[in-house]
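Going in written order, the chains are labelled A, B, C, D, E, F and G, and every chain counts its residues from 1.
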Amino acid sequence: MAERPLDVLHRTLESPVIVGLKGNREYRGKLKGYDLHMNLVLDEAEELADGQAQRKLGKVIIRGDSVIFISP
Amino acid sequence: MAERPLDVLHRTLESPVIVGLKGNREYRGKLKGYDLHMNLVLDEAEELADGQAQRKLGKVIIRGDSVIFISP
Amino acid sequence: MAERPLDVLHRTLESPVIVGLKGNREYRGKLKGYDLHMNLVLDEAEELADGQAQRKLGKVIIRGDSVIFISP
Amino acid sequence: MAERPLDVLHRTLESPVIVGLKGNREYRGKLKGYDLHMNLVLDEAEELADGQAQRKLGKVIIRGDSVIFISP
Amino acid sequence: MAERPLDVLHRTLESPVIVGLKGNREYRGKLKGYDLHMNLVLDEAEELADGQAQRKLGKVIIRGDSVIFISP
Amino acid sequence: MAERPLDVLHRTLESPVIVGLKGNREYRGKLKGYDLHMNLVLDEAEELADGQAQRKLGKVIIRGDSVIFISP
Amino acid sequence: MAERPLDVLHRTLESPVIVGLKGNREYRGKLKGYDLHMNLVLDEAEELADGQAQRKLGKVIIRGDSVIFISP
């Protein structure tokens, strides 16, 4: 399975990520944690619209079930 | 996994949160409880539209399956 | 986990609730029962549109899978 | 859990029900059977639109996964 | 549970059925097989639009997850 | 259960199929493999729009979760 | 089951793929890893619109739950 998705996620801890969610939402922030369901914890998180910061959320827990992609 | 999502949720008990749900709903309230499915209990809860309080719900149980994000 | 969602639901038995479902449906009624999937039994139930009673359903079983929130 | 949803369903056997499904479909018929997934069997079933019978289906098996509510 | 949904399905083998799927699709055909997930096999299957045959598919396997209702 | 869906799928190996997916996508190709989740492998696959080939994909893995029907 | 979907995926490691997701998103990149849920890791990934590169994402983790097809 070469680079396992959760291993890549683990190596991304403390780094900035873009997270794409169902319903065309995107968040940008620093990855602070995750679990096996791909629930995520971001810090310094911002909600994006068309790539522009739209709302600052600070810390945010994202449910894995809503995640489409995570880009380190 | 560094900061596990459920640990962050646990530390958020008794604090105000914004909860984003599928279908563009958002709730604001004090986090009073949760379970492993991310079912939540909020108190002094308000339904938001465009960041403005639209309806006061008082206590509310939210099904984890509908949750997109929780922002402490 | 402080106030567990199902405990709050249990204490709500025999009390009036508003139940929000996927697809913008809302029901109001007296909570008569539930199970671990959050399937619910309401009595004296009414379907709401914009907060107004639109249809009286009497007793109704609601599938937990459709539930977004339950407000005691 | 007081009145368990499946017990209420069981007592509804042989009685008329309205069943609301995802996608705004509704069916009316006599409840002839069910299983633990809330799959249902109706007899003398009719598809409703705005509360009016639109199509007679006779016997029909409904998948529980599509069910939103069942009103005895 | 009186008439169990899967028993009704079993007695329907070799008989014509209408199958309603998510997304307003309907198929008509002879039920040749099924499994516990309500995956179905139809023969002489036709896709319907507004009750009219629109496309002949011959044999078709339908995933249970898409099924809303099956009417013998 | 008479003709089990997965048995029919097995007998269809190496034959042309049309696969209907959620969101009105359809693919046509030769069935080269499958698994118990109805994940599929097609070869010489084409994406169809209104029954016309729109894009050649060659080999393609289709997730069972997206499949609505498979027509041999 | 002839060519099992996960075996085909395994043989595709280090090769370019197009990945179609729910909601009409498509990604193109080199497959670097996967797991049994069909979570994927792509490198040199680009988001496509109408077959044209729209945004470069570099490395990206895609949740299997969103995947419709993978075309080597």
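Everything below uses one rule, namely that a contact is a pair of C-beta atoms (placed from the backbone, for glycine too) under 8 Å apart; a residue touches a chain by one contact, two chains touch by 3 or more.
Here the structure is a predicted model, which means the values were calculated and not measured.
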| item | value |
| --- | --- |
| Partner chains shared by subunit B and subunit C (touch criterion as defined above) | none |
| Euclidean distance of C-alpha centroids - subunit A vs subunit F, Å | 33 |
| Inter-centroid spacing, subunit G versus subunit F (mean Cα positions, whole Å) | 18 |
| Separation of mean Cα positions, subunit E and subunit B [Å, integer] | 41 |
| Sequence positions of subunit G contacting 2 or more other chains | 22, 65 |
| Complete ring sequence of chains beginning with subunit A, oriented so that subunit B follows | A, B, C, D, E, F, G |
| Touching residues (chain side subunit C, partner subunit D) in the complex | 10, 13-14, 21-23, 25, 27, 32-35, 39-41, 45, 57-63, 65-66 |
| Parts of subunit G lying in touch with subunit F, wherever the complex brings them together | 1-9, 18, 22, 24, 38, 64-65, 67-72 |
